[in-house]
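Shared between the two complexes below is subunit A, which pairs with subunit B and subunit C, respectively.
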Partner chain A sequence: MVDLIKRTKELLETSEVKVVIGYEQGSGNKTRALFVEKPEDADKLIFDSRCVQNLAAYVTKKEIKEKGKMAITATLPVMRSIIQLASEFQVNDSNLLVLGITPESKMIEFKNLVEVEAFVHQFQIEIDDRNKEMLDRLEKMTKAERWKFWIDELTPCFKCYACRAACPMCYCSRCTVDVNQPQWIPVSSDELGNLEWHIMRAIHLTGRCIDCDACYNACPLAIPINLLTKKMLVDAKEHFGGYQPSLKGDHLMSTYKPDDKENFIQ
Partner chain B sequence: MSKIGVFVCHCGENISATVDCARVAETAGNYDGVAFSVDYKYMCSDPGQNLIKNAIKEQGLTGVVVASCSPRMHEPTFRKACAEAGLNPFMCEMANLREHCSWVHEKGEATTEKAIDLVRILVEKVKYNHSLNEIKVPVTKTALVIGGGIAGIQASLDIANTGHKVILIEKDPSIGGHMSQLSETFPTLDCSQCILTPRMVEVAQHPNITLYTYAELESLEGFIGNFKAKIRRKSKSIDEKLCTGCGLCTTKCPVKKIPSEFNEGLGKRTAIYVPFPQAVPNKPVIDRANCTYYIKGKCKVCEIVCPTGAIRFDQEDQIMEVEIGAIVIATGFTVKQPDFFPEYGYGKFPDVITGLQFERLASASGPTLGEIRRPSDGKIPEKIVFLACAGSRDPAKGIPYCSKICCMYIAKHAMLYQHKVHGGKSYVFYMDIRAGGKQYEEFVRRAIEDDGVNYVRGRVSRIYEKNGKLIVAGVDTLLNAMPVEIDADMVVLATAGVANEGAEELAQKLHVSYDPYKFFAEAHPKLKPVETNTAGIFLAGACQAPRDIPESVAMASGAAVKVAALFSKDELTREPIIAVVNRQAPPVYSSCVGCFLCVSACPYQAIEKEEIKNRNGEVIKSIAKVNPGLCQGCGTCVAFCRTKSIDIQGYTNEQMYTEVMALLNEY
Partner chain C sequence: MAEFEPKIVAFVCNWCTYAGADLTGTSRIKYASNVRIIRFPCTGRIDYMLLLKAFDEGADGIIVSGCHPNDCHYTSGNFHARRRWIMFRSLCDFTGIDTDRIKFSWVSAAEGAKWADIVNATVASIRELGPYTDYKKIAKYPEKEVTHG
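For the complex of A and B:
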């Protein structure tokens, strides 16, 4: 990752950006997010196949935004997140520079988000085979079996909200679960409270989730909550012709298009 | 502490026949916060209303629940009663015991229990009600009329005559629309131009009407009473102030072979032209697509001959911004051309013409000066065939509807033919004769009985040429589908009336809905025929569906009254049942995170961005803001907002939650 390190140094030396977000070696065999503010720290940057954390979750954080213009090491899922965030007016060209990493691990610096979007649009969001199989299995279950599956999976959740913190789209300063006037979602982490929290989360992410699995990877109990959002992706394809983050602002769920199939209201 | 009054109505026997009203009142009286509860035969009657008013005054009620009929019936009545007694009208709620309970259930315990539940929900809700004030928005008392056909002309005149200003825009060089092309009009056979031109002149001279021809709507923003429109005034390439309308240029222009739109291609015009002699305004425009100067950079004959120096080759389109309070859409319709019909030769037989072309032939101002002569060789046709329903009522052609005007104008055409060509033979192929309308049936009968037009019931399958004749092959369904073949000299197709090209685009600019055929949609097919779903935008004439002149004019006057009613007040009052994005103290300002998904979700374009700035004018936060003039209170945005930052006043999250919990919790 010589390119990345060299470019980071330049960007910081010329003050073109104030902070570069990337990965560094963590404890054990893990990697973790690194925020480089001084050129000399750039040497700590690494990039390899272990770097799967979605760094886009940081670009909306107040503490980081306050530093000034950011640059971000962005794999394909990170770039997708950034386009979605840009379409929701959370980032723009004046506060974010994207240092893209291609699937072949090459660095490309994008001049602007339009270029990032063009790059992202070369790829469709594809659910991997293992998860496809899981979704198939769920689809084939009877309603009662499926209900039991989810109750069993979700009941252990203790609402640590690690999934929410890891998700780049969960940037709301006030999440619905935190609204207490009225308390739509019960606070307790019991069967009902957990079910409502996760249904709500899946609904809020429909047409926005770019399927990076950050939530699942963050969950200390490895609850497969990403299956819910994956199912929403499949449904989005069926009813609205599929989802691809776009700067146009033609949001999947809030924009009516004449060619929306909407076969669920026939 | 709330002091709520509950007023249970028997609605004569409508409610009390199945619901034990006394028990409902008694049970409600025991709820926390209920200070007064009573049942009565007719709550909406004067004594009923007095019961409410007195209780408000005597008990000092802070909220009222009237348990009676649908709020659609009497909400205004009870709100007004509350207001008269000094209680904010929005502190009054209605439980619908009639439509939601007594009318749909049998008499019995469960029915009364349900009525009690309905009352309890509202008692709990009203505890969270807040006083609300009606919203007042100012009204700009100028109307924009789009389209200068008979409908637009009538609407403009009617509005202008109520004393309000009108801006009329017409995309063509002259107003008049299709009516100016017609020869005579059914059902009275009076000359179209003779009845139309006085109105066209009146428009031009009316002090309250500003007319822009060669102009189109560029964009529209705003809401009822407060629209802002951008109008594109296409360059006419002449200085209208200097031009005296002498017409010298039009006689000298060397480009003389352009098919005349006004004559439906049956006549020719020059590149600098006035579409027809009675045009309003009677000043030429240069058709740049055909002018030699614009094509080759040389000519300028018109400039040389113009005695006042009015030609302006470098004139540019002008974009004008106007503020208006209401809009009447009167952009009319168009007709299908013969090339739409493979079975009738795809338009390759010159003597197969449209009804509109026939109008031009029959018109004294037309290319043949009113003589019926066929386009190919100018001969007077001895045998003529009229085909009704060319395209119309044909689902296979995508036009399942009836174009409505054709039956009548075909009868007119056949009649005119018989009057003009003595000894001529005319045939009409028809599916049904639709002559509903005052004097319409009599008119058709006159064509058949007095003028000897041959009506053949049946469809024509094919037209082909043979020995210089047009063979019209069809069947007579009244004679057991006997094949009929007529060797005609000319065929007139009553081609379907369809929406204008570009109607869809215009509808989108105006944010009004349209039907599957791209005609603009009325708000209610029976009760709101001239309204659109967008407040402040009205419809007149054939842009809503094929219409004849009397209907177009009636619609125009109807739309004008709607505009006049809107302009009769300086301010509009609206119910405050609208969405509001919350505001909080700095540094939070609002729980809104500015994702603006609500902006794309709102069907009424009611949500805007608001920038919160610090003292130095730097933007600290962008958040959503609902425009109270535009919001219709539909609630879409509320469901959409992830941060729960939007509430509908009078139906807040808190109130909805309370209602649900009141139902779920045991009492």
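For the complex of A and C:
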């Protein structure tokens, strides 16, 4: 990633941006987020197939925003997240520069978010075969089997909220799960509290999730919670023709069509 | 053992279904008394979490009802609600929650008879399904103190 390191140095030397968000070598074989504020630190930047963390989760953080304009190393899912965040007025051209990384691992610098959007729209959001198979398997089960599957999967969850922390779309200053007047979600991490928390999470991400799997990758127990949001993605396609994050901001769940079709309302 | 009496919670909008249910009463149409009606300003206000809370508190069935499409007092509340119901119902089904226990309907202020039919049909189908033991089990019902109903 010679290009990326060189450009990071330039951007910081000219003070065009105050911080560049990228990846560095972490402990073991893991990578972790790096916040480069001094040109000499740019040499720590790396990029390879292990860099799957969605860095867009940091652009809404107060501590990062305070530093001034930022640049972000953005793979395709990160770019999608950024467009979604821009459509929700969380980032804009004056506070964010996108250093894109194409699926071929080439660096591509975008002048503005309109260019990022155009790039992102070349690719459809596709669920991979392994997860498609899993969704199929679940849909073929009876209701009772699905209930058992999810109770078994979700019961070990101890509500560490790593999934929420890893998700770029979970930027609310007060999450519904933390609200206690009224107590929407039971606090304890028992079957009920866990089930309702994960249903709530999936519903709040409906029409916004861009299927980056950051939640699943962050889960210390590898609970397949991304299947819930994937299911919502499939349904959005089936019922409403699907969605792409877009600067126009016509979000799936904040718009409607008078002729939306359903078959269950009497 | 006494016959199972289903507990049904109905979430209805103020302008159509609530008025419709009122008409059922003023028309002296008799219908099942298992339903507890909760009035909302609009179907657009009926948060999906409220439906889960109803099951938490021991409901065996739920009715969600409001104005017919194009009849919303606030123009578009029911259109937004419909989109949400489509996605929420599907997610519930995917997690194994029994969606046969959640009935959605449009009942206008003039459809007093339809309201009676909806309630009667729901009570009959829930009576057949029996108590919602799966959800009650995880909600630790009935050990939890329930002071109403």
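The rule is short, and it goes like this: the second predicted complex is superposed on the first by the 256 of 266 C-alpha atoms of A that agree within 3 Å, B and C clash if a C-alpha of one lies under 4 Å from a C-alpha of the other, contacts with A are read in each partner's own complex, and residues count from 1 in each chain.
Keep in mind that, in the parts below, contacts are C-beta pairs under 8 Å (C-beta built on N, C-alpha and C of every residue); 3 or more make two chains touch, one makes a residue touch a chain.
Remember, predicted model here, so these are calculated numbers, not experimental data.
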Exercise. If you stack the two complexes on chain A, which partner ends up touching A:Lys18: first (subunit B), second (subunit C), both, or neither?
Worked result: neither
Exercise. If you stack the two complexes on chain A, which partner ends up touching A:Thr206: first (subunit B), second (subunit C), both, or neither?
Worked result: second
Exercise. Given the touch rule stated above, what does A:Ile151 touch, subunit B (first), subunit C (second), both, or neither?
Worked result: second
Exercise. Given the superposition on chain A, which partner contacts more residues in subunit A: subunit B or subunit C?
Worked result: C
Problem set entry | Contacts of A:Trp184 with subunit B and subunit C, given as first, second, both or neither | both
For this session: With the two complexes superposed on chain A, say which partner A:Lys159 touches: subunit B (first), subunit C (second), both, or neither.
Result: neither
For this session: Mind working out whether A:Lys65 is in touch with subunit B, subunit C, both or neither, as first, second, both or neither?
Result: neither
Exercise. In the superposed arrangement, which partner chain does A:Thr176 touch: subunit B (first), subunit C (second), both, or neither?
Worked result: both
Seminar exercise, completed: Overlap of subunit B and subunit C contacts on subunit A, residues 176, 184, 253-254
Problem set entry | subunit A residues within the subunit B interface of the complex | 88-90, 171-176, 179, 181-184, 204, 249-251, 253-255
For this session: Can you check the complex and tell me which residues of subunit A touch subunit C?
Result: 138-139, 143-151, 176, 184, 186, 190-192, 195-196, 198-200, 202-203, 206, 228, 231-232, 235-236, 239-240, 252-254, 256-258, 260, 262, 264-266
Exercise. How about subunit B: which of its residues touch subunit A in the complex?
Worked result: 588, 591, 593-598, 600-601, 622, 640, 642-645, 653-654, 657-658
Problem set entry | subunit A-touching residues of subunit C, taken from the complex the two chains share | 48-49, 52-53, 56, 69-70, 76, 79-80, 82-99, 103-106, 118, 134, 138-140
